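Next up is a structure, given as C-alpha coordinates.
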(Lines give C-alpha, C1' and ligand atoms only; values in the text may rest on other atoms or scores of the structure.)
Protein backbone atom coordinates (compact mmCIF):
# COMPACT_ATOMS: atom_id res chain seq x y z
CA UNK A 1 0.00 0.00 0.00
CA UNK A 2 2.98 2.32 0.55
CA UNK A 3 4.09 1.71 -3.04
CA UNK A 4 0.56 2.34 -4.37
CA UNK A 5 0.39 5.58 -2.39
CA UNK A 6 3.65 6.85 -3.84
CA UNK A 7 3.62 9.13 -6.89
CA UNK A 8 3.61 7.29 -10.23
CA UNK A 9 6.93 8.96 -11.02
CA UNK A 10 8.52 6.91 -8.23
CA UNK A 11 7.96 3.71 -10.21
CA UNK A 12 9.60 5.11 -13.32
CA UNK A 13 12.66 6.83 -11.90
CA UNK A 14 16.03 5.53 -10.76
CA UNK A 15 15.47 7.29 -7.43
CA UNK A 16 12.34 5.20 -6.82
CA UNK A 17 11.56 1.49 -6.88
CA UNK A 18 12.36 -0.91 -9.70
CA UNK A 19 11.00 -4.42 -10.27
CA UNK A 20 13.45 -6.27 -12.53
CA UNK A 21 12.20 -8.95 -14.92
CA UNK A 22 13.89 -11.64 -12.80
CA UNK A 23 11.94 -10.66 -9.68
CA UNK A 24 14.67 -8.60 -8.01
CA UNK A 25 13.49 -5.36 -6.41
CA UNK A 26 15.79 -2.38 -5.93
CA UNK A 27 14.99 0.98 -4.33
CA UNK A 28 16.65 4.39 -4.61
CA UNK A 29 17.05 7.45 -2.37
CA UNK A 30 13.65 8.94 -3.28
CA UNK A 31 11.92 5.77 -2.15
CA UNK A 32 13.97 5.68 1.05
CA UNK A 33 12.97 9.26 1.97
CA UNK A 34 9.24 8.55 1.54
CA UNK A 35 9.56 5.24 3.35
CA UNK A 36 11.23 6.97 6.31
CA UNK A 37 8.45 9.58 6.49
CA UNK A 38 5.87 6.78 6.36
CA UNK A 39 7.62 4.89 9.21
CA UNK A 40 7.56 8.06 11.32
CA UNK A 41 3.84 8.39 10.63
CA UNK A 42 3.07 4.78 11.53
CA UNK A 43 5.03 5.22 14.77
CA UNK A 44 3.07 8.41 15.54
CA UNK A 45 -0.23 6.53 15.09
CA UNK A 46 0.93 3.90 17.58
CA UNK A 47 2.17 6.56 20.03
CA UNK A 48 -1.26 8.21 19.78
CA UNK A 49 -2.86 4.98 21.00
CA UNK A 50 -3.75 3.03 17.86
CA UNK A 51 -2.74 -0.62 17.74
CA UNK A 52 -1.18 -1.05 14.31
CA UNK A 53 -0.35 -4.11 12.20
CA UNK A 54 2.48 -3.45 9.72
CA UNK A 55 3.06 -5.95 6.92
CA UNK A 56 6.56 -5.22 5.63
CA UNK A 57 9.06 -7.06 3.45
CA UNK A 58 12.60 -6.64 4.77
CA UNK A 59 14.41 -6.56 1.41
CA UNK A 60 17.55 -5.58 3.32
CA UNK A 61 17.13 -8.20 6.09
CA UNK A 62 18.63 -7.02 9.39
CA UNK A 63 19.33 -3.51 8.01
CA UNK A 64 15.62 -3.10 7.21
CA UNK A 65 14.66 -4.21 10.70
CA UNK A 66 17.05 -1.67 12.23
CA UNK A 67 15.26 1.14 10.35
CA UNK A 68 11.96 0.04 11.87
CA UNK A 69 13.48 -0.47 15.34
CA UNK A 70 14.73 3.12 15.25
CA UNK A 71 11.34 4.50 14.09
CA UNK A 72 9.40 2.48 16.67
CA UNK A 73 11.75 3.22 19.58
CA UNK A 74 9.94 3.08 22.93
CA UNK A 75 6.90 1.29 21.52
CA UNK A 76 5.82 -2.25 22.44
CA UNK A 77 6.39 -4.33 19.29
CA UNK A 78 5.74 -8.00 18.52
CA UNK A 79 8.05 -9.03 15.67
CA UNK A 80 6.52 -11.89 13.70
CA UNK A 81 8.22 -13.88 10.92
CA UNK A 82 5.81 -15.06 8.26
CA UNK A 83 7.74 -17.77 6.44
CA UNK A 84 6.90 -19.92 3.43
CA UNK A 85 8.87 -22.58 1.61
CA UNK A 86 10.20 -20.89 -1.53
CA UNK A 87 8.78 -23.50 -3.95
CA UNK A 88 5.29 -23.14 -2.46
CA UNK A 89 5.66 -19.34 -2.43
CA UNK A 90 6.61 -19.43 -6.13
CA UNK A 91 3.50 -21.48 -6.90
CA UNK A 92 1.26 -19.01 -5.05
CA UNK A 93 2.96 -16.11 -6.83
CA UNK A 94 2.09 -17.73 -10.17
CA UNK A 95 -1.49 -18.52 -9.09
CA UNK A 96 -2.05 -14.88 -8.07
CA UNK A 97 -1.27 -13.76 -11.57
CA UNK A 98 -0.36 -10.19 -10.57
CA UNK A 99 3.26 -10.53 -9.49
CA UNK A 100 6.59 -10.37 -11.34
CA UNK A 101 7.63 -14.02 -11.51
CA UNK A 102 10.75 -14.69 -9.47
CA UNK A 103 10.08 -12.29 -6.57
CA UNK A 104 8.91 -15.07 -4.23
CA UNK A 105 12.01 -17.25 -4.69
CA UNK A 106 14.28 -14.21 -4.67
CA UNK A 107 12.81 -12.95 -1.39
CA UNK A 108 11.94 -16.15 0.49
CA UNK A 109 15.30 -16.38 2.28
CA UNK A 110 16.86 -12.94 2.02
CA UNK A 111 14.11 -11.05 3.88
CA UNK A 112 14.73 -13.11 7.02
CA UNK A 113 18.56 -12.88 7.08
CA UNK A 114 19.72 -11.56 10.42
CA UNK A 115 16.21 -10.53 11.48
CA UNK A 116 15.23 -11.20 15.10
CA UNK A 117 11.66 -12.32 15.80
CA UNK A 118 9.46 -12.84 18.85
CA UNK A 119 7.29 -15.34 17.01
CA UNK A 120 7.38 -17.34 13.78
CA UNK A 121 4.55 -18.69 11.66
CA UNK A 122 4.92 -20.74 8.49
CA UNK A 123 2.19 -20.62 5.84
CA UNK A 124 3.67 -23.52 3.84
CA UNK A 125 1.33 -26.03 5.44
CA UNK A 126 -0.71 -23.83 7.84
CA UNK A 127 -3.79 -21.88 6.73
CA UNK A 128 -3.51 -18.09 6.96
CA UNK A 129 -6.43 -17.95 9.43
CA UNK A 130 -4.67 -20.46 11.70
CA UNK A 131 -1.47 -18.37 11.50
CA UNK A 132 -3.47 -15.25 12.36
CA UNK A 133 -4.89 -16.99 15.42
CA UNK A 134 -1.39 -17.97 16.62
CA UNK A 135 -0.31 -14.33 16.33
CA UNK A 136 -3.50 -13.02 17.98
CA UNK A 137 -2.86 -15.30 20.97
CA UNK A 138 0.41 -13.40 21.57
CA UNK A 139 -1.21 -9.96 21.46
CA UNK A 140 -2.69 -9.47 24.91
CA UNK B 1 -8.92 3.28 3.47
CA UNK B 2 -9.01 4.26 7.15
CA UNK B 3 -12.29 2.36 7.54
CA UNK B 4 -10.88 -0.70 5.76
CA UNK B 5 -7.83 -0.62 8.03
CA UNK B 6 -9.95 -0.55 11.18
CA UNK B 7 -10.75 -3.82 12.98
CA UNK B 8 -13.87 -5.61 11.71
CA UNK B 9 -15.38 -5.18 15.19
CA UNK B 10 -15.47 -1.41 14.56
CA UNK B 11 -18.09 -1.91 11.86
CA UNK B 12 -20.33 -3.98 14.09
CA UNK B 13 -20.23 -2.03 17.35
CA UNK B 14 -22.00 1.09 18.53
CA UNK B 15 -18.61 2.57 19.38
CA UNK B 16 -17.56 2.30 15.74
CA UNK B 17 -19.04 3.36 12.43
CA UNK B 18 -22.58 2.62 11.25
CA UNK B 19 -23.99 2.91 7.73
CA UNK B 20 -27.77 3.24 8.04
CA UNK B 21 -30.04 1.87 5.28
CA UNK B 22 -30.96 5.44 4.29
CA UNK B 23 -27.34 6.41 3.65
CA UNK B 24 -26.69 8.23 6.92
CA UNK B 25 -23.33 7.50 8.53
CA UNK B 26 -22.76 7.81 12.26
CA UNK B 27 -19.56 7.26 14.21
CA UNK B 28 -18.93 6.49 17.88
CA UNK B 29 -16.10 7.15 20.36
CA UNK B 30 -14.04 4.11 19.31
CA UNK B 31 -13.97 5.38 15.73
CA UNK B 32 -13.04 8.88 16.89
CA UNK B 33 -10.06 7.60 18.89
CA UNK B 34 -8.64 5.66 15.94
CA UNK B 35 -9.33 8.56 13.58
CA UNK B 36 -7.44 10.94 15.90
CA UNK B 37 -4.43 8.59 16.03
CA UNK B 38 -4.53 8.32 12.23
CA UNK B 39 -4.59 12.13 11.85
CA UNK B 40 -1.56 12.40 14.12
CA UNK B 41 0.24 9.84 11.97
CA UNK B 42 -0.61 11.60 8.70
CA UNK B 43 0.65 14.88 10.20
CA UNK B 44 3.87 13.14 11.30
CA UNK B 45 4.44 11.88 7.73
CA UNK B 46 4.08 15.44 6.42
CA UNK B 47 6.37 16.83 9.15
CA UNK B 48 8.95 14.19 8.15
CA UNK B 49 8.98 15.64 4.64
CA UNK B 50 6.42 13.61 2.69
CA UNK B 51 3.92 15.52 0.59
CA UNK B 52 0.58 13.91 1.41
CA UNK B 53 -2.83 13.98 -0.28
CA UNK B 54 -5.68 13.30 2.17
CA UNK B 55 -9.12 12.49 0.77
CA UNK B 56 -11.53 13.02 3.67
CA UNK B 57 -15.29 13.39 4.01
CA UNK B 58 -16.18 16.03 6.60
CA UNK B 59 -19.33 14.38 7.98
CA UNK B 60 -19.35 17.03 10.71
CA UNK B 61 -18.65 19.97 8.36
CA UNK B 62 -16.70 22.76 10.11
CA UNK B 63 -16.20 20.63 13.24
CA UNK B 64 -14.46 17.95 11.16
CA UNK B 65 -12.21 20.57 9.57
CA UNK B 66 -11.22 21.90 12.99
CA UNK B 67 -10.02 18.43 14.00
CA UNK B 68 -7.76 18.35 10.94
CA UNK B 69 -6.59 21.95 11.45
CA UNK B 70 -5.49 21.05 14.96
CA UNK B 71 -3.67 17.89 13.83
CA UNK B 72 -1.94 19.67 10.94
CA UNK B 73 -0.96 22.79 12.95
CA UNK B 74 2.16 24.43 11.51
CA UNK B 75 2.01 22.54 8.22
CA UNK B 76 1.40 24.12 4.82
CA UNK B 77 -2.06 22.90 3.76
CA UNK B 78 -4.08 23.48 0.56
CA UNK B 79 -7.77 22.93 1.43
CA UNK B 80 -9.68 21.82 -1.67
CA UNK B 81 -13.45 21.42 -1.95
CA UNK B 82 -14.47 18.64 -4.32
CA UNK B 83 -18.13 19.37 -5.02
CA UNK B 84 -20.73 17.55 -7.08
CA UNK B 85 -24.38 18.27 -7.72
CA UNK B 86 -26.30 15.87 -5.45
CA UNK B 87 -28.45 14.41 -8.26
CA UNK B 88 -25.35 13.60 -10.34
CA UNK B 89 -23.58 12.25 -7.24
CA UNK B 90 -26.56 9.97 -6.55
CA UNK B 91 -26.41 8.65 -10.12
CA UNK B 92 -22.69 7.89 -9.81
CA UNK B 93 -23.30 6.21 -6.46
CA UNK B 94 -25.85 3.92 -8.13
CA UNK B 95 -23.58 3.25 -11.14
CA UNK B 96 -20.71 2.23 -8.81
CA UNK B 97 -22.87 -0.49 -7.35
CA UNK B 98 -20.87 -0.76 -4.09
CA UNK B 99 -22.33 2.06 -2.00
CA UNK B 100 -25.28 2.31 0.40
CA UNK B 101 -27.87 4.20 -1.65
CA UNK B 102 -28.60 7.61 -0.15
CA UNK B 103 -25.11 8.49 1.09
CA UNK B 104 -24.36 10.77 -1.84
CA UNK B 105 -27.49 12.91 -1.42
CA UNK B 106 -27.17 12.86 2.35
CA UNK B 107 -23.55 14.05 2.22
CA UNK B 108 -23.49 16.35 -0.84
CA UNK B 109 -24.29 19.51 1.13
CA UNK B 110 -23.56 18.69 4.76
CA UNK B 111 -19.87 17.91 4.30
CA UNK B 112 -19.21 21.45 3.05
CA UNK B 113 -21.18 23.36 5.74
CA UNK B 114 -18.98 25.94 7.38
CA UNK B 115 -15.81 24.53 5.81
CA UNK B 116 -13.23 27.04 4.53
CA UNK B 117 -11.37 26.23 1.31
CA UNK B 118 -8.42 27.62 -0.64
CA UNK B 119 -9.71 26.13 -3.88
CA UNK B 120 -12.91 24.55 -5.19
CA UNK B 121 -13.42 22.06 -8.00
CA UNK B 122 -16.75 20.71 -9.18
CA UNK B 123 -16.91 17.27 -10.79
CA UNK B 124 -20.53 17.69 -11.91
CA UNK B 125 -19.48 18.77 -15.41
CA UNK B 126 -15.67 18.62 -15.18
CA UNK B 127 -13.70 15.41 -15.70
CA UNK B 128 -11.73 14.17 -12.67
CA UNK B 129 -8.44 14.47 -14.57
CA UNK B 130 -9.21 18.13 -15.39
CA UNK B 131 -10.03 18.76 -11.71
CA UNK B 132 -6.75 17.10 -10.71
CA UNK B 133 -4.86 19.40 -13.06
CA UNK B 134 -6.51 22.49 -11.54
CA UNK B 135 -5.42 21.34 -8.08
CA UNK B 136 -1.91 20.39 -9.26
CA UNK B 137 -1.47 23.92 -10.66
CA UNK B 138 -1.91 25.28 -7.12
CA UNK B 139 0.67 22.95 -5.58
CA UNK B 140 3.98 24.61 -6.38
CA UNK C 1 -19.69 -14.78 -12.84
CA UNK C 2 -23.14 -16.03 -13.91
CA UNK C 3 -24.64 -14.48 -10.77
CA UNK C 4 -22.81 -11.17 -11.37
CA UNK C 5 -24.09 -11.11 -14.95
CA UNK C 6 -27.70 -11.60 -13.88
CA UNK C 7 -29.97 -8.58 -13.42
CA UNK C 8 -29.82 -7.01 -9.95
CA UNK C 9 -33.53 -7.82 -9.57
CA UNK C 10 -32.60 -11.51 -9.56
CA UNK C 11 -30.83 -11.09 -6.23
CA UNK C 12 -33.82 -9.40 -4.62
CA UNK C 13 -36.70 -11.56 -5.85
CA UNK C 14 -38.04 -14.90 -4.69
CA UNK C 15 -37.71 -16.14 -8.27
CA UNK C 16 -33.96 -15.49 -8.17
CA UNK C 17 -31.13 -16.44 -5.85
CA UNK C 18 -31.07 -15.97 -2.10
CA UNK C 19 -28.08 -16.14 0.27
CA UNK C 20 -29.43 -16.84 3.77
CA UNK C 21 -27.59 -15.51 6.82
CA UNK C 22 -26.56 -19.09 7.75
CA UNK C 23 -24.82 -19.63 4.40
CA UNK C 24 -27.58 -21.61 2.71
CA UNK C 25 -28.23 -20.69 -0.92
CA UNK C 26 -31.60 -21.23 -2.59
CA UNK C 27 -32.60 -20.50 -6.17
CA UNK C 28 -35.97 -19.94 -7.80
CA UNK C 29 -37.48 -20.51 -11.28
CA UNK C 30 -36.16 -17.21 -12.69
CA UNK C 31 -32.61 -18.22 -11.80
CA UNK C 32 -33.12 -21.69 -13.28
CA UNK C 33 -34.30 -20.26 -16.62
CA UNK C 34 -31.25 -17.99 -16.96
CA UNK C 35 -28.93 -20.76 -15.82
CA UNK C 36 -30.35 -23.11 -18.46
CA UNK C 37 -29.84 -20.50 -21.21
CA UNK C 38 -26.28 -19.98 -19.97
CA UNK C 39 -25.56 -23.73 -20.08
CA UNK C 40 -26.84 -23.87 -23.67
CA UNK C 41 -24.50 -21.00 -24.53
CA UNK C 42 -21.48 -22.60 -22.91
CA UNK C 43 -22.21 -25.82 -24.77
CA UNK C 44 -22.50 -23.88 -28.04
CA UNK C 45 -19.06 -22.33 -27.44
CA UNK C 46 -17.57 -25.79 -26.97
CA UNK C 47 -19.38 -27.15 -30.05
CA UNK C 48 -17.94 -24.22 -32.03
CA UNK C 49 -14.45 -25.40 -31.12
CA UNK C 50 -13.52 -23.49 -27.97
CA UNK C 51 -12.05 -25.48 -25.09
CA UNK C 52 -13.95 -24.26 -22.05
CA UNK C 53 -13.31 -24.54 -18.30
CA UNK C 54 -16.54 -24.31 -16.26
CA UNK C 55 -16.27 -23.74 -12.51
CA UNK C 56 -19.68 -24.70 -11.11
CA UNK C 57 -21.04 -25.46 -7.65
CA UNK C 58 -23.51 -28.35 -7.76
CA UNK C 59 -25.89 -27.10 -5.05
CA UNK C 60 -28.26 -29.93 -6.04
CA UNK C 61 -25.52 -32.61 -6.22
CA UNK C 62 -26.38 -35.32 -8.79
CA UNK C 63 -29.43 -33.39 -10.04
CA UNK C 64 -27.20 -30.42 -10.90
CA UNK C 65 -24.78 -32.67 -12.75
CA UNK C 66 -27.63 -34.16 -14.80
CA UNK C 67 -28.56 -30.65 -15.99
CA UNK C 68 -25.01 -30.13 -17.23
CA UNK C 69 -24.82 -33.64 -18.75
CA UNK C 70 -27.94 -32.87 -20.78
CA UNK C 71 -26.64 -29.48 -21.94
CA UNK C 72 -23.22 -30.89 -22.86
CA UNK C 73 -24.54 -34.02 -24.62
CA UNK C 74 -22.14 -35.27 -27.29
CA UNK C 75 -19.22 -33.19 -26.04
CA UNK C 76 -15.99 -34.57 -24.56
CA UNK C 77 -16.08 -33.60 -20.88
CA UNK C 78 -13.58 -34.15 -18.04
CA UNK C 79 -15.51 -34.02 -14.75
CA UNK C 80 -13.21 -32.87 -11.93
CA UNK C 81 -14.07 -32.81 -8.22
CA UNK C 82 -12.36 -29.99 -6.35
CA UNK C 83 -12.67 -31.02 -2.72
CA UNK C 84 -11.62 -29.30 0.48
CA UNK C 85 -11.98 -30.33 4.11
CA UNK C 86 -14.93 -28.30 5.45
CA UNK C 87 -13.01 -26.84 8.42
CA UNK C 88 -10.22 -25.59 6.14
CA UNK C 89 -12.78 -24.30 3.63
CA UNK C 90 -14.53 -22.37 6.43
CA UNK C 91 -11.20 -20.80 7.43
CA UNK C 92 -10.50 -19.72 3.83
CA UNK C 93 -14.03 -18.34 3.56
CA UNK C 94 -13.38 -16.18 6.62
CA UNK C 95 -9.93 -15.09 5.38
CA UNK C 96 -11.42 -13.98 2.03
CA UNK C 97 -13.71 -11.59 3.83
CA UNK C 98 -16.27 -11.39 0.99
CA UNK C 99 -18.40 -14.46 1.59
CA UNK C 100 -21.51 -15.14 3.70
CA UNK C 101 -20.13 -17.12 6.63
CA UNK C 102 -21.43 -20.68 6.66
CA UNK C 103 -21.53 -21.31 2.90
CA UNK C 104 -18.31 -23.32 2.89
CA UNK C 105 -19.40 -25.75 5.60
CA UNK C 106 -22.91 -25.92 4.19
CA UNK C 107 -21.64 -26.78 0.70
CA UNK C 108 -18.49 -28.83 1.39
CA UNK C 109 -20.32 -32.18 1.35
CA UNK C 110 -23.64 -31.55 -0.37
CA UNK C 111 -22.21 -30.40 -3.71
CA UNK C 112 -20.48 -33.77 -4.21
CA UNK C 113 -23.43 -36.04 -3.25
CA UNK C 114 -24.12 -38.50 -6.05
CA UNK C 115 -21.83 -36.70 -8.49
CA UNK C 116 -19.65 -38.85 -10.74
CA UNK C 117 -16.12 -37.63 -11.51
CA UNK C 118 -13.28 -38.60 -13.85
CA UNK C 119 -10.70 -37.02 -11.56
CA UNK C 120 -10.52 -35.66 -8.02
CA UNK C 121 -8.22 -33.04 -6.52
CA UNK C 122 -8.19 -31.93 -2.91
CA UNK C 123 -7.02 -28.42 -2.03
CA UNK C 124 -6.94 -29.10 1.72
CA UNK C 125 -3.21 -29.81 1.67
CA UNK C 126 -2.35 -29.33 -2.02
CA UNK C 127 -1.58 -25.91 -3.53
CA UNK C 128 -4.02 -24.70 -6.19
CA UNK C 129 -1.23 -24.57 -8.80
CA UNK C 130 -0.33 -28.21 -8.08
CA UNK C 131 -4.03 -29.16 -8.41
CA UNK C 132 -4.20 -27.27 -11.72
CA UNK C 133 -1.18 -29.23 -13.00
CA UNK C 134 -2.83 -32.56 -12.08
CA UNK C 135 -5.91 -31.55 -14.05
CA UNK C 136 -3.88 -30.21 -16.99
CA UNK C 137 -2.09 -33.57 -17.24
CA UNK C 138 -5.48 -35.19 -17.96
CA UNK C 139 -6.42 -32.75 -20.72
CA UNK C 140 -4.61 -34.05 -23.78
CA UNK D 1 -14.12 -10.40 -20.08
CA UNK D 2 -13.55 -12.46 -23.24
CA UNK D 3 -9.87 -11.49 -23.18
CA UNK D 4 -9.56 -12.36 -19.48
CA UNK D 5 -11.19 -15.74 -20.14
CA UNK D 6 -8.74 -16.57 -22.92
CA UNK D 7 -5.63 -18.62 -22.15
CA UNK D 8 -2.62 -16.57 -21.01
CA UNK D 9 -0.75 -17.85 -24.07
CA UNK D 10 -3.17 -15.86 -26.24
CA UNK D 11 -1.73 -12.62 -24.88
CA UNK D 12 1.83 -13.62 -25.63
CA UNK D 13 1.52 -15.12 -29.09
CA UNK D 14 1.28 -13.60 -32.53
CA UNK D 15 -1.89 -15.62 -33.11
CA UNK D 16 -3.56 -13.87 -30.18
CA UNK D 17 -4.09 -10.27 -29.13
CA UNK D 18 -1.39 -7.63 -28.89
CA UNK D 19 -1.57 -4.23 -27.14
CA UNK D 20 1.10 -1.99 -28.70
CA UNK D 21 2.76 0.73 -26.61
CA UNK D 22 0.96 3.41 -28.64
CA UNK D 23 -2.47 2.02 -27.79
CA UNK D 24 -3.08 0.11 -31.02
CA UNK D 25 -4.62 -3.34 -30.61
CA UNK D 26 -4.13 -6.10 -33.14
CA UNK D 27 -5.56 -9.62 -33.12
CA UNK D 28 -4.48 -12.81 -34.87
CA UNK D 29 -6.22 -15.97 -36.15
CA UNK D 30 -6.19 -17.73 -32.75
CA UNK D 31 -8.08 -14.82 -31.20
CA UNK D 32 -10.56 -14.77 -34.09
CA UNK D 33 -11.34 -18.46 -33.68
CA UNK D 34 -12.09 -18.10 -29.95
CA UNK D 35 -14.05 -14.91 -30.55
CA UNK D 36 -16.22 -16.68 -33.16
CA UNK D 37 -16.96 -19.56 -30.75
CA UNK D 38 -17.84 -17.01 -28.06
CA UNK D 39 -20.24 -15.18 -30.42
CA UNK D 40 -21.95 -18.49 -31.22
CA UNK D 41 -22.35 -19.13 -27.49
CA UNK D 42 -23.77 -15.67 -26.78
CA UNK D 43 -26.25 -16.15 -29.62
CA UNK D 44 -27.23 -19.56 -28.21
CA UNK D 45 -27.94 -17.97 -24.80
CA UNK D 46 -30.23 -15.42 -26.46
CA UNK D 47 -31.95 -18.12 -28.55
CA UNK D 48 -32.55 -20.08 -25.32
CA UNK D 49 -34.49 -17.12 -23.94
CA UNK D 50 -31.94 -15.04 -22.02
CA UNK D 51 -31.87 -11.32 -22.68
CA UNK D 52 -28.20 -10.50 -23.12
CA UNK D 53 -26.23 -7.24 -23.05
CA UNK D 54 -23.01 -7.44 -25.06
CA UNK D 55 -20.40 -4.70 -24.59
CA UNK D 56 -18.10 -4.99 -27.60
CA UNK D 57 -15.47 -2.78 -29.20
CA UNK D 58 -15.67 -2.93 -33.00
CA UNK D 59 -11.94 -2.61 -33.73
CA UNK D 60 -12.75 -3.40 -37.36
CA UNK D 61 -15.76 -1.05 -37.58
CA UNK D 62 -18.37 -2.30 -40.08
CA UNK D 63 -16.51 -5.61 -40.59
CA UNK D 64 -16.77 -6.33 -36.85
CA UNK D 65 -20.48 -5.57 -36.90
CA UNK D 66 -21.00 -7.96 -39.80
CA UNK D 67 -19.46 -10.80 -37.76
CA UNK D 68 -21.97 -10.12 -34.98
CA UNK D 69 -24.88 -9.72 -37.42
CA UNK D 70 -24.10 -13.15 -38.84
CA UNK D 71 -23.83 -14.77 -35.38
CA UNK D 72 -27.06 -13.13 -34.16
CA UNK D 73 -29.09 -13.84 -37.32
CA UNK D 74 -32.80 -14.12 -36.56
CA UNK D 75 -32.51 -12.52 -33.11
CA UNK D 76 -34.04 -9.20 -32.10
CA UNK D 77 -31.06 -6.86 -31.56
CA UNK D 78 -30.87 -3.22 -30.43
CA UNK D 79 -27.58 -1.78 -31.71
CA UNK D 80 -26.43 1.05 -29.46
CA UNK D 81 -23.49 3.38 -30.11
CA UNK D 82 -21.75 4.50 -26.94
CA UNK D 83 -19.73 7.51 -28.04
CA UNK D 84 -17.33 9.77 -26.20
CA UNK D 85 -15.28 12.73 -27.33
CA UNK D 86 -11.74 11.40 -27.80
CA UNK D 87 -10.09 14.05 -25.55
CA UNK D 88 -12.49 13.23 -22.69
CA UNK D 89 -12.04 9.50 -23.32
CA UNK D 90 -8.25 9.93 -23.12
CA UNK D 91 -8.62 11.73 -19.79
CA UNK D 92 -10.79 8.93 -18.38
CA UNK D 93 -8.31 6.35 -19.66
CA UNK D 94 -5.53 8.12 -17.74
CA UNK D 95 -7.68 8.49 -14.59
CA UNK D 96 -8.47 4.73 -14.62
CA UNK D 97 -4.80 3.96 -14.40
CA UNK D 98 -5.15 0.43 -15.82
CA UNK D 99 -5.15 1.04 -19.56
CA UNK D 100 -2.42 1.33 -22.20
CA UNK D 101 -2.30 5.07 -22.88
CA UNK D 102 -3.42 5.86 -26.42
CA UNK D 103 -6.15 3.24 -26.81
CA UNK D 104 -8.97 5.70 -26.18
CA UNK D 105 -7.86 8.19 -28.84
CA UNK D 106 -6.91 5.40 -31.24
CA UNK D 107 -10.35 3.77 -30.91
CA UNK D 108 -12.71 6.74 -30.39
CA UNK D 109 -13.46 7.16 -34.11
CA UNK D 110 -12.42 3.90 -35.78
CA UNK D 111 -14.81 1.64 -33.83
CA UNK D 112 -17.82 3.53 -35.21
CA UNK D 113 -16.74 3.66 -38.89
CA UNK D 114 -19.47 2.23 -41.09
CA UNK D 115 -21.38 0.80 -38.14
CA UNK D 116 -25.18 1.11 -38.22
CA UNK D 117 -27.00 1.85 -34.96
CA UNK D 118 -30.60 1.94 -33.72
CA UNK D 119 -29.68 4.32 -30.92
CA UNK D 120 -26.78 6.54 -29.91
CA UNK D 121 -25.72 7.75 -26.49
CA UNK D 122 -22.79 10.05 -25.76
CA UNK D 123 -21.05 9.86 -22.40
CA UNK D 124 -18.98 13.01 -22.98
CA UNK D 125 -21.46 15.17 -21.06
CA UNK D 126 -24.10 12.62 -20.00
CA UNK D 127 -23.73 10.47 -16.87
CA UNK D 128 -23.50 6.70 -17.48
CA UNK D 129 -26.67 6.12 -15.43
CA UNK D 130 -28.60 8.61 -17.60
CA UNK D 131 -27.28 6.87 -20.75
CA UNK D 132 -28.37 3.52 -19.31
CA UNK D 133 -31.87 4.90 -18.75
CA UNK D 134 -32.08 6.12 -22.37
CA UNK D 135 -31.15 2.63 -23.57
CA UNK D 136 -33.52 0.90 -21.12
CA UNK D 137 -36.40 3.03 -22.44
CA UNK D 138 -35.85 1.42 -25.88
CA UNK D 139 -35.87 -2.14 -24.55
CA UNK D 140 -39.56 -3.05 -24.21
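Per-chain residue numbering starts at 1, and chain names A, B, C and D are given in the order in which the chains are listed.
Assume a contact is a pair of C-beta atoms (placed from the backbone, for glycine too) under 8 Å apart; a residue touches a chain by one contact, two chains touch by 3 or more.
What you are looking at is a predicted structure, and each value in this text was computed from that prediction instead of being measured.
Peer 1: Which chain maximises the distance between its CA centroid and that of chain D?
Peer 2: A
Peer 1: By residue number, over half of the contact pairs should agree; on that basis which option among A-B, A-C or B-D is the same interface as C-D?
Peer 2: A-B
Peer 1: Tell me whether chain B and chain D, two copies of the same sequence, contact each other through the same residue numbers or different ones, using over half shared as the line for same.
Peer 2: same
Peer 1: How big is the gap, in whole Å, between where the Cα atoms of chain B centre and where those of chain D centre?
Peer 2: Their C-alpha centroids are separated by 36 Å.
Peer 1: Chain B to chain C: how many Å between their CA centres?
Peer 2: Chain centres of chain B and chain C, defined by C-alpha means, are spaced 40 Å apart.
Peer 1: Of all the residues in chain D, which ones touch at least 2 other chains?
Peer 2: In chain D, nothing touches at least two other chains.
Peer 1: Given which chains touch which, is the overall layout a line, a ring, a star, complete, or other?
Peer 2: Graph shape, chains as nodes and touching pairs as edges: a ring.
Peer 1: Identify every two-chain combination in which the chains touch.
Peer 2: A-B, A-C, B-D, C-D
Peer 1: Where on chain C does chain A make contact in their complex?
Peer 2: It comes out as residues 88, 91-92, 94-95, 125, 127-130, 132.
Peer 1: Name, in rising order, each residue of chain C that touches chain D in their complex.
Peer 2: So the residues of chain C touching chain D come out as 1, 33-34, 36-38, 40-50.
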